[in-house]
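Heads up, the next two complexes both have chain A, just with different partners, chain B and then chain C.
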Partner chain A sequence: MSIEIKNLTKKFGNVTALDNVSLNFENNKIYGLLGRNGAGKSTLLNIITNRVFKTSGEILIDNENNEENDKAISKIYLMSEKTLYPQDMKIKDVFKWSKRFYPDFDTKRAYELSKLFDLNTNKKVKALSTGFTSIFKLIVALCVNTPYVFLDEPVLGLDANNRELFYKLLIEKYSKEPFTVVISTHLIEEISSFIENAIIIDNGKIVVNTTTEELLQSGYSISGKISDVDNYISDKEIIGEDTFGGLKTAYVMGRPDADISENLEVTSIDLQKLFVKLTNTREVK
Partner chain B sequence: MQIKNSFIFQLSQYIKPMIIFYSIILAITVVPCFFIFSSEPVTVMTVSGWDFAGLIFLFVIGCVTTNEGFPVHLQNSVSRKSYFIGKILSVTVVSAIMTIMYTFILQLLFETAFLGSKVFQVESILNLIYFETDKPTIKSTLWSSAVLFVLSLFINMLGVFFSGIYYRVGTIIKVTISAGIPLLFLLFLPLIDSLFFGGSLYSTIFEFLGNIFGVIEHAPWKGCLSFGILFVVTTIISWFVYRRMSIKK
Partner chain C sequence: MIINAEIDKPIFQQIKEGIEDAILSGAFPEESQIPSITEISVNYKINPATALKGINLLVENNIVYKKRGVGMFVCEGAVNKLMENRKNDFYDKFVSSLVLEAKRLKISENDIKNMIERGFKDEH
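And now, the complex of A and B:
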């Protein structure tokens, strides 16, 4: 039971949004889909859910082709950045129709969560602020009970309290009944503590697809005087450097040497830093 | 399963506009009746064109439902195929409801209610076209209803077709279609007709249309058949528009 993506390519005219992408979303795991603006994250999610057509490749949802296949695509709920519900629809009607299209939708829970987030279900979609628009879509995503839930920029416009509440509810739900979650977000630090797998996409290509733990262990940072650091990194694979005054921090792939000079400080690299260094092709001079 | 859900959703999209439409129709019909009854001497009120008003309504509603209806189906994991089948079903049911409303509720009910006082008459344009009478019989009413139903299917699906085209194309093409079609038929073709054909182009076209729709022969079955074929053709063409529709950027 998984989503298999094989050699997926999507072209918009001359622009290649996804270039021969192959990956699997396994059952009951939380994935972080990370990438810079325009990297191809939303396009990938939209193609999997049959909202956009692929140019070539194959997508199997639990071994069934996804294209124009109600049975396969109804196993996925994609909360997208763009609101696809009619602007004049009331939130309570969104819940009503969600129940019709997704029979496992938990309406009672949706109203409970609405209270928790202080969402007025009598309001129309168009009357909601950016934050509350995200909230109502998150509530649907949390109550829809499909085996796969994709969240594309789920916390757009949410204040810190509501973001925390959402992460708490998501982890609670996942703990009770595991399901596959794919979170695409730019707020990497906020999700780094609970995503099990990280997929980094850059210019339409998958550059990293591994467990978060492995990814974090794949590099480290080393700081000290410029000359000491330069000396240390001379034979290492460097993914980035920061210099401040006479001090330098280098981000190195691999494991630190056993015999490191006392003048150098080794620290683990955080996910966001690693992401920035792996995807940064436009360094600030 | 999703076809049924899609059908119910799309049908619900029609309900509110239909209530508004019939409220307006009833308001502009019933209210004047009170004045007629209270006036001395009693005048006769003739209402004509309800059937065509319904057709315009169906075209407009066909044009506007895709923009919001299609994305919400994508959001709810419904394939284009299921959405389109749901669309055909909803178009059929709405056309049937509109025909029944017109024939049995508006036409017959009002005729019966006011016939004794002879102050209220409902004229069916289709009755006039196919039977050349303003006094409908059961046969003429049934045939007119049949033509109205098939015509409603076609007109509604034509709206759905334009709606799909408008969803897919950019603003420039939208404006070109919106302005181009009326300009072509109301300005350029009549101009060309009068300049180069001495008016025979349009009269030939009207004669041709009159033949295929059974107007000249007063044959409503021909109207049913021709509008039915147009409905099928428009549905097939519309499917080619809808089957590759994607989410808008």
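And now, the complex of A and C:
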């Protein structure tokens, strides 16, 4: 049980949005799909769910080709950044229709969650604010009970309290009955504690695909006097550096040397910092 | 117990130590039930696999045990065991770093002894 993506390429005219991407989404894991604006995250999720057509490559959902395959596609729910529901439909009707399309949709739970988030189900889709539009879509995502749930920017416009509530509900659901979750978001620090795997996509290419634990161990930062730091990093792979007066911090791949001078300070890099350093191809001048 | 994804220590290690602290402080007495994996994961927004990894360390060390279908409980004698372990770590964790920093600041051995005496007095 998994989603396999093999050599996927997508071109829009002469722009390559996805460039020979290969990766697997394994069963019952939580993935963070991270990338800068326009990196290709949404395109990838839309192609897997057959909403956008690929240029070349292959996608298998539990060993079945995804194209024109309703049975395979129905195993995935994509909470998309765009709101595709009819604007005049009431939320309670969205729940009704969701049940038609996804037989395992838990209507009772959807109303419970609406209450928790203070969502008025008599409102029409078009009458909702940005935050409540996200809330109603993520309620559907938390109730569809498909084996695969893709969340594309799930917390767009949500205040801190509602983001917290959503993360907790997601973890609670996952903990009781695991399913495969792929979360695409820019709020990396908020999900770094619970994603098991991190996939970083940059300019249509996969630059990182590993467990969060390994990724966090893959680099470190070292700081101290410029000359000391330069001396230490001379034979190392550097992903970035900041200077501040006579002080320098370098971001280094690999594990620190065993015998580091007392004048240098070693700290771990958090996921967000690693992400910024690994995808910083557009330098600030 | 505070779990912080940013600090150097892996999260599963923080879970293990957080529960140990709670046992030592008496928040989870011996033979009492500790929170479930779901409760820990939801509360600290961590992956259940990570919470399980932390708890399994405690199970391996005979600090907590699993009762099938009921939950996890603190072992009898866990408090003494944890105190023994921590006493063994005391030198490495506190004394060596204290001496290192003292040397950096050129604080003499006698000064430190005086400070320690003062620390004990202030407690009372």
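Quick note on the criterion: the second predicted complex is superposed on the first by the 285 of 285 C-alpha atoms of A that agree within 3 Å, B and C clash if a C-alpha of one lies under 4 Å from a C-alpha of the other, contacts with A are read in each partner's own complex, and residues count from 1 in each chain.
In the analysis below, contacts are C-beta pairs under 8 Å (C-beta built on N, C-alpha and C of every residue); 3 or more make two chains touch, one makes a residue touch a chain.
Since the structure is predicted, the reported quantities are computational estimates derived from the model, not experimental observations.
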item: Touched chain A residues, chain B compared with chain C; value: B
item: First, second, both or neither for A:30, with chain B first and chain C second; value: second
item: Which superposed partner A:102 touches (first chain B, second chain C, both, neither); value: first
item: Chain B versus chain C as contact partner of A:193, first or second or both or neither; value: second
item: Partner chain(s) touched by A:174 [first = chain B, second = chain C, both, neither]; value: second
item: Partner chain(s) touched by A:111 [first = chain B, second = chain C, both, neither]; value: neither
item: Chain A partner contacts - residues on chain B that touch it in the complex; value: 1-2, 5, 8-9, 68-69, 71-72, 74-82, 244, 246-247
item: Chain C - residues contacting chain A, complex; value: 3, 5-8, 10-11, 37-38, 41-50
item: Parts of chain A lying in touch with chain B, wherever the complex brings them together; value: 46, 49-53, 68-70, 73-78, 80, 82, 84-89, 97-98, 100-102
item: In the complex with chain C, residue positions of chain A that touch it; value: 30, 164, 167-168, 171-172, 174-176, 178, 189, 192-196, 213, 267-268, 270-271
